[in-house]
Each structure stands twice: as structure tokens, then as C-alpha cells.
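One chain, chain A, appears in both complexes that follow, with chain B as partner in the first and chain C in the second.
The block that comes next holds the complex of A and B.
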């Protein structure tokens, strides 16, 4: 990909904004860690050497217990395997991830009830929730789901919003006026009421939530797009494209849109945080993704129920969420500064 | 100009009809309405001990006869087509009647009126404090651009901005109410409120509102502070300030007499948007702190399918929002005579 000099300059500008740049680097590390979560937070072992064979269970199919000499057909419990091999001095080894639990399994102890406090010994580094699930695992996997959700939401919102917005600016006239009214109605419909009513009828799924949120969320960008396209379409390059014979579609998507990207880019980080926040608040209320999906909102509502008994739940999930949101906001602030540089005169 | 605003006001009518019609349609077309509630309650009462039949379990014997159900439907006007139902609702609205709540059997307006006071209190307090903090802070940050103070306050303000207000509410509740026990866990006022004197009552309300206000406020500083700062810096860089300085006026006077006035324009235009703050208090914050405001009323009404209340709140909030939009344009026109609408 070849970047044009302006973009390069802006990227350089962004790098020079320390707060934004370091947040960006940190956030990328978080994304990487979340993408590879199976390798460090998982109930499946990373490597097993058993009777001279190597197994890598992380990403493959389920390996039944019988493979490793257990008498059950369901998935091997690698923690047990590790213990057994150590106790009976069997040949081979089991290499478990740093956190040997996944986000869905309930780790019940015989001598105590969950939630269990954080402990290095049990490897529940942030403790467990009220059904014995590992909090760290749920925070990390919850983050991964939230960010994927947010990005998909962003894609559809922007695709629809940009198309409709630029059409409004480009065509103007009746189409513009009618769409403006419709959008005004649309944005004033209390979206939360609708979501609560719909979710109580249909089962909330990932796809349904995305659909409803896109349905009510695409309008956010239209007015910015409309204004920019209004300004851009009368510039020489757009007129020249028309004169050469470019059609409406080509003029909008090949000529005008690329010139509005610098505006769009500055909105993206704030849309991402918006998406994460909406999902979390819906989950918090119980109208979000169906259980047992790991989610920040669900953890928060658990944590609020057990403020006094199990404060590690609320502390973990809130710190995680705040850290991520602050990072993205700082990135957004940096991008805005880099893409919309204002050189001010100062008096001393 | 006047004709422009008159046209805008007239346009409120179709938009308002559109919003209410849309929500009205959704509430009528989805299952779980009041009639079905009563039917399923009847079933539960009859099938006590029969394993608690689900509300959709129509096969099991019904407690109500078909006639009774038809009566119920007629009572709620559910037997008529949707557009007729909407017409009836609209007719009542025009005569100033929002209907009765299904849950409380009370006029909707009375319910809303009680909660409005609470939400307005929080709305007004948030607004006042935001302006009191943001304008001086923005000015100071603009004058000390790139200083340590500017940087640190930016970090603080943007951190507040990035944390959703309900998460901030949880944080405040956890630290200051649950752990330190400095402030109460929730409520608009305490239990002994009725036995208190006038001043004590005011103090009690203030004491109870510290944490919720904190949650509302933290996120609200960023937008206006940055707006104030950027706008002042734009003006400081403009020609008329340069002229003033070069003519020998000292810098503080140039700021106070020339730049500051013009940079308040965007702040002033923002003012019109505040009207909606008066009542759309975040229901999440109200839920967390157990405050009986408009947000919570709306949320519970949707949960309980108390449609007259849902529609009533929608009427009040959408009217205020639409008028707020126009008001903010009026503010622009008043403050900045260069702007012409047509």
C-alpha cells in the first residue's frame, strides 16, 4: 500500500503526540493478547507429551479423555492429566497456559463455595465469580467479544451512514429534505425502549443485537457526511470528474469519499468506545448477549450484587474497562490532533 | 428570520407524529401487552401447583372465557386497528390527557410530574456546575497552552470523558459509599427526611446527591472545556486580536475585552441543548443510586409494559428535544448576528 505524503505527514504527527501514540502501542498489545487469549487463558493445554507423542490441543478438535488413558469420552481435563502425570511419574509432560481455566467452566472446590478470592495457588489470579468462573478469563474473553462487536457495529453504521449521508449531500433537493425529517424521527426514537421490548420477545443473539443497534445507530454520521459532500461536490476536481463523464456512483465513491476520509478517521475511536459502552450497559441490564457469554456488563452486575463479599469482581472488571476506554480515547484525541492540526499563535 | 423559525416550529409537528406513531406501533404489535398479562395471571392463579404453566402455554385451560378476553381488549381499545387506537390516543393527548398508568391506575401526568422535580434538580445542578468549571478551566488552558497544567488537566478531563457515566457511578459507589462509607448508598433523600427542618432537608438532599452528581459530572467536563479552549485559541490567533495587541493593549485586556466575548459564542449555542438534560436523566445512574427520576420511570414502564406511561414520557421528552434543537439555533442567531438562517 502506498500512502500519499499528506497521510504520511499525519501519521508522523500522530507519532509525535506521546499520549496518543503510547496508548496506541499499548492498545495494540492488548488486542494481540486478546487475539491469542487461547494460548494463555485456557483449560486446554498448550503442549502435551504422552507416550512419546506430542499433542497441541489449543486450536484443534476435542481430544477425548480416552486418548490419555482416562476412562471418559468427553474432553480431557488437562489439569487432572497434569496432576496425574506428576503424581505417577509418567513419561512425558503437560504444559498448561498461564491461567489454566477457560471463561465458561465452573471451578467448584469441595471445601468452599464460590466466589473465591484471588489466589496465586489456585491460579485464579483475579478470583472467581459467583458460579466459580475465572474472573480474569471472563474479563479478557469479554474484552475480545466487546471489541469484535464494536468493530462490526462500526463497519455497518459507517457503511450505511456514509452512503446515505453522501447521497443526501450530493443529490440535495427533495431527497435531502425527506431524509432529514426521517433521520430526525429516527434519532429521537428511544432506542433503549425498543431494544428492551425486542429482546424480551426474541432471544438476544449477537446478530440480533448488531441488527437492532445498526438499525438505530447508522444516523450518527449522516449529517457530517452531508455537510462535507455539500462542500466537496462543488470543488473543481468533482466537477472535472463529472465533465469527463464519471457517473454519480463513481463521482461519489471514487472522487469525493476519499477526500472525506480524514474527517471520518477522527470519529472512529469514539465510535469504538461507544459500541463497547452500549454493549456493556445492555449486558449490565440483562438485555445483552445471552449467558454464559463472557461479558463486562454481566460481570459488573454480579460485582454490584456482591460489593462487600466479592469486591475483586467489580475491581477487576471496572479497571479493565476503564483502562481500555481511556486508551482508546487518548488514541482518538491524538488522531484528531494529527488529522486536524491547528497551529495557534501564542503571545508571550 | 422569524419565518425561518416559524417553519422550523411547524416542522416539529410531523416529526413528533412520526416518533410517537413509530413507538406506538411497536408497543401494539409486540406480544406481552396488558391483556396478555392479565390472561397469564389468570392462568397462574388457576393452575396453581400445576407446574407453573408458561405465559404462552395456551393449550392449558384458560381462566378467562373468550368473552371476558374480548371485554378486556375492548377496555384497552386493543380490539381496534392500530391507526384507530393511535387516533384515540392522539385525540386524548390534544385535550391534555395522557391517560392512566396500567400499573398504578393513576394519571400518567401525575406520575411524570413527581419524577420531573427529581430529574430537573439533577439536570440543573449538572448544568450549573459544568458551566462553572468548564469556562474558567477552558480559558486557563487556552492561555497556558502546552504547559504542564494544560497537559495534566487534559489527561484528567479525557479520562473522565472516556469512562461511561454508569461505570463512574459504580466506581464512586464502590469507593465512597460501600468502602469508605462517607456517603449513602442511594436514594434521593434519607429515611428521616419527613421529620427534618427545612434546612436539614436541603442538606440531606445535597448529601445524597454528591455521588450521583459526581457520576453525571465527570464525563461532562471534556466536551465543553475543549470547546472553550479551542474557541478562545482560535480567536487569540485571529487578526483583530493581533491588531489590538499591536496597538499596545496589554494581553489580559485583549483577552478579556476582545477574544473572550467572541469565544463564548459556541458555548452559548450549546445552551439550547441543555433543555433535554432536565428530564432525560440517565436511568442507569438512577438505577444504580436508586433515585426515582424520569429515566428510571421510563425504564420500569417499558419492563412492565405500562404503555401509557411509556408514551407519556416519550411525548414530554421528544417535545423538549425538538424544541431544544430550535432553541439552540435561536441562541446562535441571538449571540452571533453574522449568522443568517433562511
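The block that comes next holds the complex of A and C.
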């Protein structure tokens, strides 16, 4: 793909800002790890070789215990299979993920009760929560859900916000005035309370939360877009496009919008952190995603409750959250600097 | 004019009383009894000191001193009501003992109970408790200004008449013959010399007013800015020489401090600002009792209450889940692994309930409810036609996955359900969870919009009541969780409620339970049973901690089991002195299993 020279310059500039660049690399690694979480945090084995056949249980349907010579027909407990194969010297092997637990299963030991402290031996590297679920698994899967939530939210917020904002800027006049007042009123609705009320009426689901948050979140970008489009629409290239005969839609989306990209890109990282924190706070208050979805907010409220007994819960989730939010903020800072128009504009 | 008419009514009312007193004559041949009056409440205690300030905590400060209405503070309500004595009370083993009454007799019509009021009984302001106070109380509750509509309704529906015979004798007549006659006719008087009249301004007027009472303690200090309410023992309390209460109510002052949350309460306890705290969370209890303060005067108590267990479990909605065949229902019952919940959350200290009415003595029947058993469940599901499993491992039949959606409200239930959900996968049952919060939960119960619900009932006091749970009347009220509409069951419950003979009722109770369990819509849950508290050791308890089954040995004022603890000043002094302390065993750990039953 050939990038235009300005973009290349900006990317180069971004790479030269070390803090932002390394944060970006780290964050991408985190994303990749989270996307592939099933391969390293899972109760299902990665590869099983049993009686000469290879099995890859990670993705796909449940393999019943009878397949591997157990006497039950529910899903094989691969940890048991691994133990049995090792003990009885059976032909074949079981390759378990690094953390052999999923985010939902309760691991109870015979001699102790949850929450269990972090331990290398039991492979609960960050311990377990009060119902015996692995904290590391909950943190990673919780991160994945939070980031997906945040990105979907971002997409819809920006799609609506940008469209409405550009239309306000482009059309001006009555439409602009009416929309401005409407948005002013809209933004003054305390959205957290509205969410809490709505969630207690309807049952909270992923889609409902996204819908409600988009409902109140799209206004954020409109005024910035409006201002930028107001500036851009009178520039020569925009007027030229009109003269050639480009329609409204084409002028806005093909000509003006690409020139506002630096504004949008600068806002993205902060919107991502915003999305993560709102979901976490809603979960913390108990108005977020329905149980037993792994979530940072739920872990936090549990951690607060079990502070004396199980400090590892709150330590894990808070460190994870701080790390991710700091990384994204650094990325945002880097982008802002890289896209700073003053660097490339000369005023005569 | 208005003044006059008011006065006329008032004169009329008192005139009515005097007329009654002149004309009414007690029937002959009444057999007077004073129940279990002669039994001392705590024989084990020999001599205890009557001193000390016992400090307990509340999570909020009351908004009113009234014990009626929605704003009433539940803990304060209990404290005030326990000190506002009725005619009689009962201990948890079924014995009735006198409070304000000295004797009672049941009339031949089996609807009337005659009471003789103890001539010594006094209000806290020194006035004598008289028959008039009971009559006034009945009249007030019936009045349309009475703030508790439920109580008013009950009184209108059930009490026919309260008659005064002389200053110390009354009778209470019910409209219908009923079992538990003594319990039903048990009136609590109102101080007619103090309240005078219940009018629309009642709530406003008595919001923060201390109403005279007859029990052992009365409020002596309300500090809104420091957030506490103190109850002080009456110096010359009229019943202090009664054998029953001799060793009860030992603390000089019982104080309730409002503190914002459990953490602050624990810190306050550590600084000796509180005498005891209750700890529900087992992990927290285990962790906190390792604190060094337990070598310096802290004690721990684990107590099994011995009272009937709450009726708790999974109720399948028979209307919504009518597609469940008998085999399926049984298979589902076998898919709930409460043993594992017990292991994981209650450290194996809980008990699986043996039915909806566990612990009512002869009233209960104990059945073997299905235990978690994947083999049996599998067999039953296969027989019912759910032979294959889908990619998730869930059983399917005709493209339909075997799922049960359970509605729940409480965070604690949620933790249990999570484990059940994971375990049920083994038998091929998919459990979906739906959390519904308080008011909406009740609403959904009423409309029946759920497939199954995880909920329960607090235990009844003496004998089981089936009307709410299994009678078809309970469907509309949202208390018949399984929404069972079974004519035979209805008939038996009606008969049970109207029956007077003990033997027949007992037999009916057994039949009703058997019948309801046979229908198979209820899967009993777990009963925590243990009550855990930590306390400062100079607050001593008798051995056993409670002489009769009671909810807690730390009850403050209950006439039957309250205030049995006492203050040991010597021990407190000794614990503060390193030399004396050496001679005292370093920690006190009480595990009281006196009322434990298997």
C-alpha cells in the first residue's frame, strides 16, 4: 500500500516519540494476546495426542470425556486427562495452555477454601476470587470484553457524531441552530443516572449498554466536527469540488472529511479510555454487563469487599487497568503531537 | 362546636368502658393458667452483675422513632417493640409465658381468651397498666388513622371484641375459632393516658416522641449528631423479681451506634467502641479472628440457632415450565450440585435443606431430595428423549436445547448459582441466569414472568403455614413461587387452617408436604445455619449461650431470650493488667452446638 507523503511524515514523527511509540507496540501486543486468550488461558488443552490421533479442542465443539476413555459424556477435564496420562504412562500427550483455567470455572481445593492466594504450583498466577475463579483469566477476558465494548462504542459514537457534526457545519442556518440547542440539552442529561435507571428497568445486555451509551455519547464529537467543517468548507478545495459539481454527500465525505482526520485521530485514544472506564464503573456499581461475564468492574467491587482477605484481586485488576489506561494515554499524546498541524503549516 | 363533639365522643368512650365494667360478669368455671411462668430463663447463671454499657452497631441512623410505616428502622423497631410488652410471649419451644398478663383462661366458645393483668404492671412513667389501655389499643388500631393498614385490616377481620370486666381483667374474642388462639389474642396495650387519641396528626406528633413502655428498658438518650440511641434499664422495673426474668437484661445501658459500613464497624470494634459485631462472611470471620486482638480480650462465637430453617431453594414455575415431564424434573433436580456450593462457599459448614419446612419438630417431614448425580440425571434425560448433546455439551431434543432460566435477586445467591451453572453443564443442562433487582423482582413474582426462581421464605415462628406457598391464592400475591394450582392441595390447606385438633392438623401438615413435594417443583437449597460473632470477653454468655433455641445469644431485649449476656468488670480489669492477664487463658473461642440438629 502506498501512503501519501504527509501520512508517512506523521507516522515517522509518531515513531520518533518514544513513549507513545513503545506504548503503542505494547498495547498491540496486549490486544493480540487478548485476542488469542483461548490459546494461553483456557481449561481446554491446545493439543491432545490420544491413541495416535491428534485433537485440537481450543476452538470448536465440546469433546466428551468418553472420547479419551473417561466414563462421563460431558466435556473432558483436560487437566485430569493430563494427569492420568502422565501417571499411567499412556501413549500420547496433552499440551495445556499456560494458565489451565477458563474465566468461568470454579476451582475448589480439598484442603482450602477460596479465595486462594497467587501460586505457581496451582497455576493460579494471580490467585483466585471468592468463588474460586482464576483472577488472571478474569482480568484478561475482562480486558478483551472492555476493549471490544469500547471499540464498538467508539465506532457508533464517531459515525453518528461525525455525520451530524459535519452536517451542522456544512449546512449551517436553522438546522445548525436547532441541532446546537438540542445537543446542549442532550448533553446536560446526567447520563450515568439514566443508564442506572434504564438498566434497572430493562435487563442489562451488551447490546443494550452499547445502545444507551451511544445514545448519550455521540454528542461529544459534534461541536468539534462542526467547527472544523465550518473552517474547511470555505477553503478553496471544497469550493472547487462544489464547482466541479460534487454533491453534498461527496463534498462532505470525500473532500472535507479526510482533512479533518487529524482531529478525529487525536480524539480516538481518549474515547477508548473513556469507554473502558465507563463500562468498568457501571460494572463496579452493579449496573453493567450481566453476570457471570468477566469484567474489571466486577473484580474491583469484589476486591474492595475482600480487601483484607484477598488483596491480590484488587492489586491485579487495578494494576492491569492503570497499565492499559496509561498506555493508551501515551499513545494519544504521541498521536496528538504527530498530527499537530503547526509542524507542517507555514503561514505567510 | 367541634371541641364539644370531640369531648362527647371521648366521654362516650370512657362511659362505655364503665358501663361495660358494671354489666359484664366473668363466666364461671374458667380454668386459669399462667403457662410456663415458673420456669427460670437461665438456670445456669448463678449471680451476675447488673451493670455495663453494651454497644452494638447499626448500619444507618433511624429516621423516626415510630415502629409503623415504611420509614421505620427495622432494628430500632425490634428494640422498641421488644420493650413494649404484650399480654404473653412464647419461647421457641412452644411454651407460653406471661408478660403483662398474670393468668389467662380460654372460654368455652373456643374464640375468647380471658386475661388477668398483673396488678404490678406499670408504664415507664409510673402509671398503672389497666384494662383500659388494651381496649384503647384495640380501638386505635381499628381507627382509620392508624398508620399500619395491614395491622388495621387484620384486626378488623379477626378480632370481634375486647371486653373490660374490671380494672385488671379483659377478654379478647376472635371472629372465628382458630388454632393458636393465645397467639392471636395477644394484644399489646397503648398508654391511653399518654396518647389519648389517634388522629391524622399521629405520625407527625409521635415521630420523635418516646412513648411510655412496659418492658425492661426505655430510650434515655438520642444523639443525632453523634449517631447513637441508648436504652437504659429501668431501676425499679415492675417485673424485675419475676423468676423468668431474674437473670435477664443485665446490661445497665444498651447503646446502638450508627456506622456507615462493615469496615468502619470492624475498626470501631478493634478500638473497643463496640461490644460485639456479627460477621456473616465466613472468609472474613476466619481472617479477622486471626487478628492479635483475640489474644488480648477478643472472643469468638459460632452458634447454631436451632430455629426452623428458612425455606430456600429453586422453585420451578409450573405454568411456564409445563413442558417438563416427571423424568425431566427429576433429572433437573439431580443436576443441581449443592454439595459443591457448600464446599466452595460455606466451607462445608452448611446443610442441605430437607424440605421447605426444616426444623419444625413434629410438623416437618423429611424426604430424601435428589442429590447431584450425573449418572442418574443422564439416565433420566435419556429416558425423556434428550439423547444427544450439542457442540456446547447441552442436551438437545427436536432442535431444542435443555435450558432452565433462573431469576434471582441477591448477590449471595448469584455466587451459589454460578457454581450450580458450571456443574449442571455436566449433566447437559444449561442454566441461564437473570438478575432482577428488588421491586422488579416482586413484580415479576406476581406476574409469574419467570421459568424458575431462586428465592425463599423466612421461617415461621411455631408451625408451618402453607397458605402462602402452595395454595392457589398465593399465585396472585406472588408468594406461590411455583405457581401450583392444585385443587386437592388447596382443599387440604384450607382444612389445615380451619382445623383445631392438634393430631388432625399434624397429619394434614404431613400430607400437604408430601403432596407438594410429589409435584416436584421445588429443589431445596442450602442452610448456612451458623451465626458468627466476635465480642469482647468481658461480655459473658451463659453456658449454653442460649437456654432455648433462639436466633442469637446477643439479642438485647426479647422477653424470652434477650439480654442474657452480662458484664464482667473484673475480667476487663484483669485483661488490662499484664500480670493478671498471664493467668487467663489467651483466647476464648466458643462453638455452641447445643441446638444443632442433623
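As a working rule, the second predicted complex is superposed on the first by the 339 of 348 C-alpha atoms of A that agree within 3 Å, B and C clash if a C-alpha of one lies under 4 Å from a C-alpha of the other, contacts with A are read in each partner's own complex, and residues count from 1 in each chain.
The working rule: a residue touches a chain if its C-beta (ideal position, glycine included) is under 8 Å from a C-beta of that chain, and two chains touch if they have at least 3 such contacts.
Everything quoted here is computed from the prediction, not taken from an experiment.
Applying the stated contact rule after C-alpha superposition, one finds that A:185 touches chain B and leaves chain C untouched. When chain A is checked against chain B and against chain C, the one touching more of its residues turns out to be B. In the superposition on chain A, contact of A:104 is made with chain C only, not with chain B. In the superposition on chain A, A:74 contacts chain C only, with no contact to chain B. Contacts of A:267 after superposition: neither chain B nor chain C is touched. Contact with neither chain B nor chain C is seen for A:143 once the two complexes are overlaid on the shared chain.
Residue contacts after overlaying the shared chain place A:308 against chain B and chain C alike. In the superposition on chain A, contact is made by A:132 with chain C only, not with chain B.
Once the two complexes are overlaid on the shared chain, A:292 sits against chain C while remaining clear of chain B. Within the superposed three-chain model, A:114 lies in touch with chain C and out of touch with chain B [touch as defined at top]. Under the contact criterion defined above, the residues of chain A that touch both chain B in one complex and chain C in the other are 200-201, 307-308.
Within the complex, the chain A residues that touch chain C are 60-62, 64, 72-75, 104-106, 108, 113-115, 130-132, 200-201, 203, 286, 290-292, 306-310. Note for the complex: chain B touches chain A at residues 11, 14-15, 18-19, 22-23, 26-27, 30-32, 145, 154-155, 158-159, 161-164, 166-167, 170-171, 173-174, 178-179, 230, 233-234, 236-237, 242, 245, 251, 283-284, 288, 298-299, 302-303, 310, 314, 317-318, 321-322.
Against chain B, in their complex, chain A makes its touches with residues 19, 181-182, 184-185, 188-190, 192-194, 196-198, 200-201, 273, 277, 280-281, 284-285, 300, 303-304, 307-308, 311, 314-315, 318, 321-322, 325-326, 328-330, 333, 342, 344-347.
By the touch criterion stated above, chain C contacts chain A in their complex at residues 263, 282-284, 287-288, 340, 343-345, 347, 374, 378, 389-393, 411, 414-415, 418-419, 421-422, 425-428, 433-437, 440.
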